[in-house]
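The following blocks contain the structures, represented as C-alpha cells.
Here subunit A shows up in two complexes: once beside subunit B, once beside subunit C.
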Partner chain A sequence: MKKSQQLAVDTRPWRDTANNKPFVRIKNVTKKFGDVLAVHDVSLDIYRSELFCLLGGSGSGKSTLLRMLAGFEQPTSGTIEIDGQDMTEVPPYNRPVNMMFQSYALFPHMSVEQNIAYGLKRDNLGKGEISDRVAELLSLVKLQDYGRRKPHQLSGGQRQRVALARALAKRPKLLLLDEPLGALDKKLREETQFELVKIQESLGVTFIVVTHDQEEAMTLATRIGVMNLGEIAMVGEPTDIYEFPNSRFVAGFIGSANMVEGKVTEDEPGHVRIRSSELGCDIYVGHGVDCAPEQILWWAIRPEKMVLSREKPLTPHDANVTSGIVEEIAYLGDISLYQVALESGKRLRVSQTNSVRGNPDAITWDEKVYITWSDSSGSVLTV
Partner chain B sequence: MTTARDPTIPPPRRLKPWNAVERGLAKVGISGRMLVLAAPVLWLLVFFLIPLAVVFGISLSTKQFGRPPYSPLLTTEEGTVQLTLHLNNYIRLFTDNLYIAAYLSSIRIAFISTVITLFVGYPMAYAIARAPDRWRNILLMLVILPFFTSFLLRVYALTGFMRGNGVINQFLGLFGLEPLVMMQTDFAVYVGIVYTYLPFMILPLYTTLVKLDVSLFEASADLGARPLRTFLSVTLPLSLPGIIAGSMLVFIPAIGEYVIPSLLGGPETLMIGRVLWDEFFTAANWPRAAAVAVAMLLAVVIPIMLLQRAQSAVVER
Partner chain C sequence: MRRGWFLPIAAALGFSFLYAPIVSLVIFSFNESRLVTVWSGFSTKWYGELFRDPQMLNAAWLSLQIGAVSATIALVLGTLAAVALVRFRRFRGRTLFSGMVSAPLVMPDVITGLSLLLLFVAMEGFLGWPQGRGMLTIILAHSTFCTAYVCVVVQSRLGDFDRSLEEAAMDLGASPLRTFFDITLPIIAPALVSGWLLGFTLSLDDLVIASFVSGPGSSTLPMVIFSKVRLGVSPDVNALATIIIGLVATGVLIATIIQLRSKPKKAKV
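Then we have the complex of A and B:
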C-alpha cells in the first residue's frame, strides 16, 4: 500500500491565514463575574481539524473560555463564531458543539449505552440507527462488552472513554475537552494521550482541550494558547511556545528556564550585545532584536541549551561564557541537572545528557565549571 | 491482721476507673458498643413497643363497664388460666361500612394532599437548591420557620383566612365577588395538610437536589436536551429518592391526621383519626378504638415497607 504524502500546508492551516478560513472565531470576548474579570478581550482563531490546547494555571480563564464556547456562559462582550455562524446567543442545546466534562458528568442512573445514546435520542434518530451508532462508538473506545454497565461499575479510565464516546456520538463539528486526562493516573494518562490524538486524527473533528498540564498540551496539541490572568499570553505550535517564548511569563510557565536581567550595549541589525551583571558576562545574540541601546531587558535560556566544562572554552565575541561552582546535582538517569552558583549569587540550572555509562569523570559537587551557550540558544524578552 | 507482702507477686496494676467498669461489664458479656445501642433500644421498647403491645392486647378484648373499660384477656378461675381473644372488633372493621369508608377516605385525602404537596414543594426545593450559597440557608430557615409556632395555633389561624368573613373573602369582596364557602369542606382540609406538611416534603427533596452535580444538567443541555427534557430525563429520576422520602413523610402522618380535619373539615370529611377519637372518647369503646388503630398501622406500614424495599433497590442500582 502506498503511503499518501502529507503536505505541510494541509496540516497547518494557521500558517497560511490568507487562504484558510478559521473554523472557530473568538472575537474580543470578555467575561466578567460581578467585578471579577475572568476573560479579558480574548481574540483567537482556530482552524478545522486542529487540536488546540488552552493551557494555563487555575484562574487563568481557560475553563471560562471553554464554557463560553459550549454556551454555558454568555460573554459580557464580544462574539463567538463557529463554522461561520454567530453562536454568541445560541443556547447549548442548539450548538453543533459537544463537551467532555472534567468530572465526565456521566448520568449515574443510565447504562453506558443509554449515556452514549442520550444525545442521539435528542436528534430523534430511529432505534436501529441509534443502536448502530452506539455499537460503533463503543468499539471506537474499546468498550464493546461494557454497554450494559452503570458508570459506577467502571474504572476511571473506562469512564473517561464513555464520556469521550458520548461527546462524539452526535458527530459534533467541534469537541471541547475540559482537562480530559486530569483524573487519570500517570501511566494511563500517557496511553490515553496518544489514543485521543489517534481518534481526533481519524475523525477529523476539531478539538479544543483545556489543560493545566503543559506536558499534556505539548503532546496533544497542534497549537497551544497559553492563558494568564484572563488573557492569551501566546499562541503557537508547541515548539514555538517552548523555544521562542514571547514573554517572561511564557518562558517561565512552560518548562524550566533560567532568566537574567541585562542591559543592551550594542544594538545592530545583525546582532545584539547584552551586559548582564547577574550572569557576570556579556550575552551575544546572533540576530537583531527590537530594542534600544541602554534598554533593560531579560534573557531566558533552557537548561539543556547550555554546556558545562572544566576548561574555559573559546568563544567568539568575548561573550556567552560564565563560570560558577557546582552546588547541587540531581541525577535523573537520562540527564543530570546541575545547579551552578555564579559569582553574583545567581543560580543557573544546566542539564547534561548522561551519554557515557557510569562516567567516572563526570563533573561533581564543588567543582568550578564554565558554562557556555551558542549565540542563538537564548530568548531575548522585552516584556 | 496484716500479712507480709510476697515479693514474687507483682503489685496490682493501677487501673483507670473506666477500665474497671469495662472489665466488669465484659465479664457479664456486655461491650461498650452494646451500651450505646441499649439507650435507643430501651427507649423504643418502653415508649413504643410495649405501648403498641398493650394497644394490640386491648384490641383483642371487649368493651365492659368499669375500670378499665375493657375485659381482661387473662382470667383465672379455680386454678385454670383462661385466655379470651375477641376478634369481633376486627370483624366489625370489615363489615361496618363506616370503617371501610373512613379508611378509604383517609387514604384518598392523604394521597391527594401528598401529590399537591409534591407539586408545590418540588419547585420550592429546586429553587432553594439552585439559589446562591448565601441565600440557601436563609431560605431553608424560612421553610422551617412555621415550626416555631404551635401547630394548633397555625391551623386555627387558617380558619381566620378561610371562614365566611375571613381574609380571603374580604379581599374578594373588594372586587364585588361573592364570598366562597371554604371552611368545613375537603378543600380546607387539603389546604391545612399541604400547609402543615410542606416542610417535610421540601427538606428531603432539597437534600437530594442540592447534591446533584450541576455538570449533569450541563451535559444534558450540551447533548441537545431542552430544559424540560433535562428535567424529565435527568433531574427527576435522580431526585427520586427525595420524592419517595418526602412523600412518605407527608403521607404517613396525613393518614392518621385528626386535628386538621376536625378543625377545618366538615361533618362529611371522614377520616380514620376522627373515627378513632369518636370511638375512644364518645363511645368509650377502647377495644374497638384499639382495633381501628392497629388496622391503620398495618394499612400504613405494609405499603411503606414495600416502598422502602423498592427504594433501596433503586439506590443500589
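Then we have the complex of A and C:
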C-alpha cells in the first residue's frame, strides 16, 4: 500500500524511527481550560529540519498545542521535550523557541530594525554584532531599505516578512508559525509559501506551522498532523494524507471525497469485495484489508479517480462500475466537475480533465453515464 | 443641497450658551474698574494685584502641589486597578471591585467628602493617623476619586491592547517585568498621560470634597476663591479665573492631542 521510496531515508527521518531521534517530543499532552478539553492526549514526534503542519478547523486544538510549545500555556498533563530537554516547566523567555504570531505582533512603537534587534538585545549581544545580524535578516526577507520604517508604514506582506525576520533573529532551534499566511491575499500567499519553504530549507530550522488552510499545508509541509476535536486524527506526508486517509474524518476534511457505506462479501488476503446498495454495484478492492466478512465499512474515492463514459465499459470481476444521470456540471477551465445522481439517490462527484479544447462532444446535462474506477483507486475505511 | 441657516444658528446658540459666561469673565478680567459689571477701559492691573496677594498665591501653590501629588498617586493605583480588571477576567469579587472603583464617578461630591471626613476622624481616633486635617487629607481624598478616572481611561486603552505583543516580547527573551517596561508601558503611555492630566485638573477644580477634609491653614485655591466671592466679587478673582481657564484648557488640549496622535497607529497595526 505504501508507495516506493524515491528519496534517501535520511531526508525523511520519520520513516526510520529506529535510527533517528525526534527533535520535538510531545508525550501524552492534555490541556483543559476549566471543563473544556482543548487538547486530548496528543503524542507527536517531530524531527530536525522538518516543516511540520498542524492542520485543523477552528477549535481543533492546533493553536493551543502551538502555544504550549511556545510556553504560553502549561499542559494539564503530559510532557514536551525539545532537543532532548524537558521544556514543560520552562517559561517562554527561556525556551530555544521563537514564534511568529498570526497578528504578527510587531511592536508599534519600534522601527523595523528595533523590532528585529529586540530579541538580540535581550541576549546582551554587542552593538556591532546586533546590527550585522539585523542587516543579514533584512536582506534575507528582502527589506533592506525598510529598516527605519515603523510597522504602520508597511504593507501586510512586508509586515509578515518583518515578523518572520524577528522570529528568526535569535537562530531558534524551533520556529513556531501561527497561520503565517492567513492575513495575506491569495496571490501574495502563493508567492510567500514558496519563499517560506526556501528560507526554511536554506536555514535548516525546524518549523511547526499551524494552519486551517489545507492547500497551504499541502504546499508547505514535509508532514501534516490533522487535528480534530483536540486529538491528532492522522499524521503523514501530504500524499499519505490525501491518498491514504485513515478515517472518514480525514478523507472528508482533506480535499473532496465521495463516501459510501458497504458490506464486506468476500474477504481474501489478495482482494476484498464490498457490496454497496448506495452505489448500486460491487466494489472490488485489489488488496487485502483488515476486516471481517459481513462487516459494515466505508469506501471513499476522490472525484478525479473516476472515469465517465456513455457506453458501459468492460470491467473485470463484475464490479467497479455504476451508472447515473448527470445533474450538474461545474466548468472550472482545467477540469469540469460532474454531479451524477445514481439510482439509489446517492450523488457522486466526478471530475474530468478538459483535454480537448471546446469539446463539442462533451458529456452534458441529463445524459445517462457510466462511472468506473480501478481496483486501487478508493480507500477502505473502517473508522 | 442648499445649506440651511438652521444648523449654523443652532451651533452659534449652543456655543454661546456654553462659552458666553467664560468669555465675559475673561473680558472683565481686563477691566479697569473696581466694579465687576461696569466696563471702564482695558487694564491688566488686577493681574498685578493678584500676584501681590499672598493668600491667593499660597492657595494656588497648595492646590498645584495637591493636584500633582494626588494625580500621581491616582495614576499608580488606577493603572493597577485597570490592569487587574482587564487582565484577570475572572477573580473573586470582580464585579464588586469594578463597581467600587468607578463608584466615585457617580457619587455626589458631598457624600464622598462627608464619608472621607468621617473616615479620617475615625482613623485619627483609632490609629492616630492622619493627625488633624490639612494637605495630607486633601491629597488622600483627591487620590481616591482621581483613581476612578485614571482607571476608566487606562482600562479602555488596555481593552484594545493586543496581548500577543507582550507574548512576542517574552518569546524573544524578555522577562515579564522587562516586557511591561519595554512594551506595555510605552503603548499605554498616552492613556497614562491623559489620565494624569485629568486627575490633576479634577483635583485643581475640586471645592466640595476639599472643603470637607481640609483643616485650618490649608485652603485650596477654589476654597479661597469661593470665600472671597461670598463677600462680593472682586475683579482679581476674574483675573485668577482666566489664568486657571488657560491652564486647564492647555492641559485638556495636550491630553486630547496625545490621545489622537496615538490612535491612527493603533488602528493600522
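In this text, the second predicted complex is superposed on the first by the 376 of 383 C-alpha atoms of A that agree within 3 Å, B and C clash if a C-alpha of one lies under 4 Å from a C-alpha of the other, contacts with A are read in each partner's own complex, and residues count from 1 in each chain.
As a working rule, a contact is a pair of C-beta atoms (placed from the backbone, for glycine too) under 8 Å apart; a residue touches a chain by one contact, two chains touch by 3 or more.
All values derive from a computational prediction rather than experimental measurement.
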(request) Following the overlay on subunit A, give me a clash-or-fit verdict for subunit B and subunit C. (result) clash
(message) On the A-aligned overlay, A:Phe101 touches which partner chain: subunit B = first, subunit C = second, or both, or neither?
(response) both
(message) In the overlaid three-chain picture, which partner chain does A:Gly119 touch, first (subunit B) or second (subunit C), both, or neither?
(response) both
(message) I'd like to know which partner A:Lys187 touches here: subunit B for first, subunit C for second, both or neither.
(response) neither
(request) Report for A:Arg166: first if it touches subunit B alone, second if subunit C alone, otherwise both or neither. (result) both
(message) Contact-wise, after the overlay, does A:Lys127 reach subunit B, subunit C, both or neither (first, second, both, neither)?
(response) neither
(request) Would you sort A:Pro151 into first (subunit B), second (subunit C), both or neither based on which partner it touches? (result) second
(message) Counting contacts the way the document defines them, which residues of subunit A are shared by the two interfaces, the one with subunit B and the one with subunit C?
(response) 70-72, 91-94, 97-99, 101-103, 105-109, 118-119, 122-123, 150, 166, 169-170
(request) Enumerate the contact residues on subunit A facing subunit C in the complex. (result) 70-72, 91-94, 97-99, 101-103, 105-109, 118-119, 122-123, 150-152, 166-167, 169-170
(request) Please give the residue numbers of subunit B that touch subunit A in the complex, ascending. (result) 213, 215-216, 218-226, 229, 233-234, 237-238, 317
(message) List the residues on subunit C that touch subunit A in their complex, please.
(response) 162, 164-165, 167-175, 178, 182-183, 186-187, 264-266, 268-269
(request) Please give the residue numbers of subunit A that touch subunit B in the complex, ascending. (result) 70-72, 91-94, 97-99, 101-103, 105-109, 118-119, 122-123, 150, 166, 169-170
